[in-house]
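The chains carry the letters A, B, C and D, assigned in the order they are written, with residues numbered from 1 in each.
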Amino acid sequence: MLIVMDRTATAEDVDRVVVIAEKRGYKAHPIPGAQRTAIGLTGNQGAIDPDAFENLPGVMEVVKVSHPYKLVSREFHPEDSIISVGGVPVGGSRICVIAGPCAVESKEQTVTIAKAVKELGADLLRGGAYKPRTSPYSFQGLGEEGLRILADAREATGLPVVTEVLDTASVELVAKWADCLQVGARNMQNFELLKRCGQTGKPVLLKRGMSATLEELLLAAEYVMAEGNQNVILCERGIRTFSDHTRNTLDLSIVPAVERLSHLPIIVDPSHGTGKRHKVMPLSRASIAVGADGIAVEVHHKPHEALSDGPQALTPPMFAELMAQIRPIAIAVGRTV
Amino acid sequence: MLIVMDRTATAEDVDRVVVIAEKRGYKAHPIPGAQRTAIGLTGNQGAIDPDAFENLPGVMEVVKVSHPYKLVSREFHPEDSIISVGGVPVGGSRICVIAGPCAVESKEQTVTIAKAVKELGADLLRGGAYKPRTSPYSFQGLGEEGLRILADAREATGLPVVTEVLDTASVELVAKWADCLQVGARNMQNFELLKRCGQTGKPVLLKRGMSATLEELLLAAEYVMAEGNQNVILCERGIRTFSDHTRNTLDLSIVPAVERLSHLPIIVDPSHGTGKRHKVMPLSRASIAVGADGIAVEVHHKPHEALSDGPQALTPPMFAELMAQIRPIAIAVGRTV
Amino acid sequence: MLIVMDRTATAEDVDRVVVIAEKRGYKAHPIPGAQRTAIGLTGNQGAIDPDAFENLPGVMEVVKVSHPYKLVSREFHPEDSIISVGGVPVGGSRICVIAGPCAVESKEQTVTIAKAVKELGADLLRGGAYKPRTSPYSFQGLGEEGLRILADAREATGLPVVTEVLDTASVELVAKWADCLQVGARNMQNFELLKRCGQTGKPVLLKRGMSATLEELLLAAEYVMAEGNQNVILCERGIRTFSDHTRNTLDLSIVPAVERLSHLPIIVDPSHGTGKRHKVMPLSRASIAVGADGIAVEVHHKPHEALSDGPQALTPPMFAELMAQIRPIAIAVGRTV
Amino acid sequence: MLIVMDRTATAEDVDRVVVIAEKRGYKAHPIPGAQRTAIGLTGNQGAIDPDAFENLPGVMEVVKVSHPYKLVSREFHPEDSIISVGGVPVGGSRICVIAGPCAVESKEQTVTIAKAVKELGADLLRGGAYKPRTSPYSFQGLGEEGLRILADAREATGLPVVTEVLDTASVELVAKWADCLQVGARNMQNFELLKRCGQTGKPVLLKRGMSATLEELLLAAEYVMAEGNQNVILCERGIRTFSDHTRNTLDLSIVPAVERLSHLPIIVDPSHGTGKRHKVMPLSRASIAVGADGIAVEVHHKPHEALSDGPQALTPPMFAELMAQIRPIAIAVGRTV
């Protein structure tokens, strides 16, 4: 942390900052300059609020310089982490493709789609038993019945299952049936949920919140890991901006940014990230090209009848085409699908 | 809903949309134009996904025209709602001032602050027993002990208590001790939490999410109200934008926008909305001037020692000054503090 | 500027940064810490790109700590500036009300509106002779004829005239006819235009760009002032965000932020800032309450016939009501209208 | 356009809208619904402000349904346009790589870099003679001397030259020396500049503004084309969002969006789009994978000494690596570099 003093700050102002900093366990290093003095603080353990100094007399600005996360950090864990989801590795040289319906609607629907995507090369099955919906009048998911259907689909295909957990009360139930717990964008800072997911030890697929910075995403992962659960997969799914030609703005530059700061794998969800079927294919290609460890896409055999998010779902033939398109891209970046 | 067809759409394309719309229970009204045909849909009950038509052949664009919320809507409830929080009315001609510490730290701290703000004219006491913190290493609140301290402070001052509820597991406990349940910005779309709060029947102070549109805020309130609980107070607390001179950008224009669309009261939180103490005063004045039904501000008798968000807290003398500043503004807009 | 080194940076990495910094005229102050070293740089004249060090080996982060503007800064000019526009002071204790049509459409229209707003208490007349329009097929303004009409309206009412200048080619012409040159949001970083406006010596009303930070706004003002023209008035007119209930999001917290950093006056344009007539009144009240030095509002006697932006224009009776509403707010903040 | 009436609107309210619409040359088609009436308007020529109806009694909402651009539109020109820049085609099956320094600093520097990038496979040379800089104290470019140096570099390498034009006064001069006029992000809505560039007939590389929607970008291109100049190349270079791990957020989904709506080619600038050298490579790969018609990247042989934007520039060996990385991606999407 760096405290920048006003041009008019007095020697007492500087001393006061030093004393307070030292009382808080920092070492203070004043740096006198031509126009003003700055004070570097070192030796801080854990995350201390940089704001504590901001309103002291003579202080112009307080600048944070070290990162408040540890377990997610590449500094503390230099090698890439590879997370096993029901035996399927996420991270490493192989691209992981997660596919399935937005919502589990029926056993027939889910098993049909699971078989189709398995056949076409998917690695994991996705599907929502609990659905977060903006309106209370929209379809909210089948709940526990949906979880059983996903387990049936796993049995029928061998695909491990990723499904969303919406609140602390159902974490245990979801963890019992699923191979990976998905925490959705709206819950990225539902800290109780993160802790509870951490306690299960199950892999957690953590989606970036719609207005979350990279640091907030990493700190949300830190919540899971601080419970002793190292199995976190990050997921970019679009942020909220003024740009209105897609539902969200897919921020692909976060992929190399995460790679630099963290050892955790990161995948991209171009279905929610764009909200438009005709953009899923090109953005899937771009996701692999930018270096993502996988993609999650929605597939439905009858998208016009889907109970939720139909227009962004691919049909199985479209998914086959997508697989065909990403394979050469994966090879071009030295990976395989 | 309006379906706008391509210039090149055929008569069959139009018929297909009409048939599908009618199968879904709409009435379809084709409007032929010079360059293209549009199809108006009416008669829809509840919220149907406008996207369902977007990928049909010949469709250029689908435009949503009616609002998916009902209970929150002024169309269905023309008069302003006044919500009683422990006997204190929120909404109506009197401005409601909610004040107190960011976090409950000790009985001594909370009762001291409660007495000070009561003395200076506050209507409700705020204070967090459960704190949502971006970092797992930050102070997370005293929990149930904090709730008891808030009840003590209420007993000492007569001020009803507003406090945040973080997850479904603690809703009942918080509802037992508090007069009003606050749902924080990060939880605005934690739908299970909204439902559970709705079921308690207690007033709910619902803060706008950092990336929530007006419609999403109203739909979140609809979740609470759909459980039979009409006691919702909305709260603007700043949105996330590129603008970096404040922590968030306080969007005061939402106040007249809510007033137009909804009967619910809306207050403003200029402490979180700006994150800077020296902006709390001017933005409080602006909040009253724009027509808000109240403000929520953080007050701490020793802000430099506060365990969370100290730099945005006012001292009691600053709070006295704030009350002095907003009184004439309230009178100017025909209200009282 | 502060250079933060990696935990793994070597002594040579630190030395390299020091050498390069000193070659560039800085003084370098290494601050060794428990986990890493940071290097403070002082003595920089003018604005040097902080990025120059970012890719050196061992460097983790580069943090900018001093501000790149000087002439606009309150540090260098502690007293509030008051700018005279044709004899009317902007800044100081009196609130300045700028009113008039969005576009000059005819002499009859402009003089009618000018007389009406003068009668009702406006201080300056606004009106566009050159109009920046998103579409090439929209009305683009009357050009020089519009400038003459504005001069006629000034003669008829005594109101000094503020009008927009769109490009360098017409700066001289506009400066000849107008009392104050307005630089629009889309041109806030049209640096040639800023310089040319600076050279005229005329007061410049500088509108914040739709995606401009506070620092960029101040640097744009610095462009004008660096030409020797101290007469700059800043104007907040809404920024672009995801929030869709208004055309732009009026960022009123910039008013106290500017007041803290700069001596220049700042006004607010709630007409463009909201794009909705029914929001102009409440946001005008809020602008005065937050501490703005004035407002600029659009008034049209026949808004349904206006050639541009009719729906946000007030009629003269609405403007009378607005004046009545802001007067007590101005008094409440110790000012007069 | 669709006018949606209030539930409480009377028959007169509806009639009034119809009458006003017809006076303005629309055909009005009322659509009575169960809860409210909507009125479709057709037959509009050119761009009429949809807001004209918004404040009429009984009107709840006005919804725009047709696009205000024509010449840029794929509806009116179904085939992809291929723009020739000094004989080099932009658009079509070949990927166009534009490379060169951010700013022209000297003949030696520019010719050295031009030869290097030519050797490594670049198609066009970029380099700024006029530089838009946020601060008036930053290096502003060599001006006309820079243009001559670019011409020298063209002569030495055969690479056609793309360079920025900053204001109307220098359009002719830049057009005399350069093969393609670049309009920068800050000038995307400098409409006089767009018109003047249109009049030269030279190809125009139009960069998306930092807060520009897709529609605004297309309308800016329409300004150029309305002057009779069909040679427009669009360029995505990042938008301004809250996301702070890159300087801007590269919005790659605009590439397929443009492809759907317009016949114009679109390229991506990952150097400005990310502001970080280590992100240029992955985002270049992603740009080609998503379907862009080319990329523009900054190359400098001594980036630590560059007078502007050094940290985002690639060295020639890095550029060689970039070319090697994008080649297989281009092949994977059926194109060549």
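Just so we're on the same page, a contact is a pair of C-beta atoms (placed from the backbone, for glycine too) under 8 Å apart; a residue touches a chain by one contact, two chains touch by 3 or more.
From a predicted model like this one, the values you see are computed outputs, not experimental measurements.
Here the chain-to-chain distance from subunit A to subunit C, counted in touching steps, is 1.
On a Cα centroid basis, the chain most remote from subunit B in this structure is D. Two chain pairs are in question, A-D and B-D; the one with more C-beta pairs in contact is A-D. Chain centres here are Cα means. That of subunit A falls 26 Å from that of subunit B. Taking each chain's centre as the average of its CA atoms, subunit A and subunit D sit 31 Å apart.
Each chain gets a centre from the mean of its Cα atoms; for subunit B and subunit D, those two points are 38 Å apart. Of all residues in subunit A, those touching 2 or more other chains are 211, 239-242, 278, listed in ascending order. Subunit B contributes residues 2, 4, 6-8, 27, 29, 31-36, 38, 40, 42-43, 61, 63, 65-66, 75, 240-242 to its touches with subunit D in the complex. Remark: subunit C residues 20, 46-47, 49, 51-52, 54-56, 68-69, 132-138, 140, 166-169, 186-187, 189-193, 195, 209-211, 216, 219, 222-223, 226, 239-240, 275-278, 303-304, 308-312 touch subunit D in the complex. Residue ranges of subunit D in contact with subunit A, taken from their complex: 211, 213-214, 239, 241-246, 249-257, 260, 273-274, 278-279, 282-283, 285-291, 325, 328-329, 331-333.
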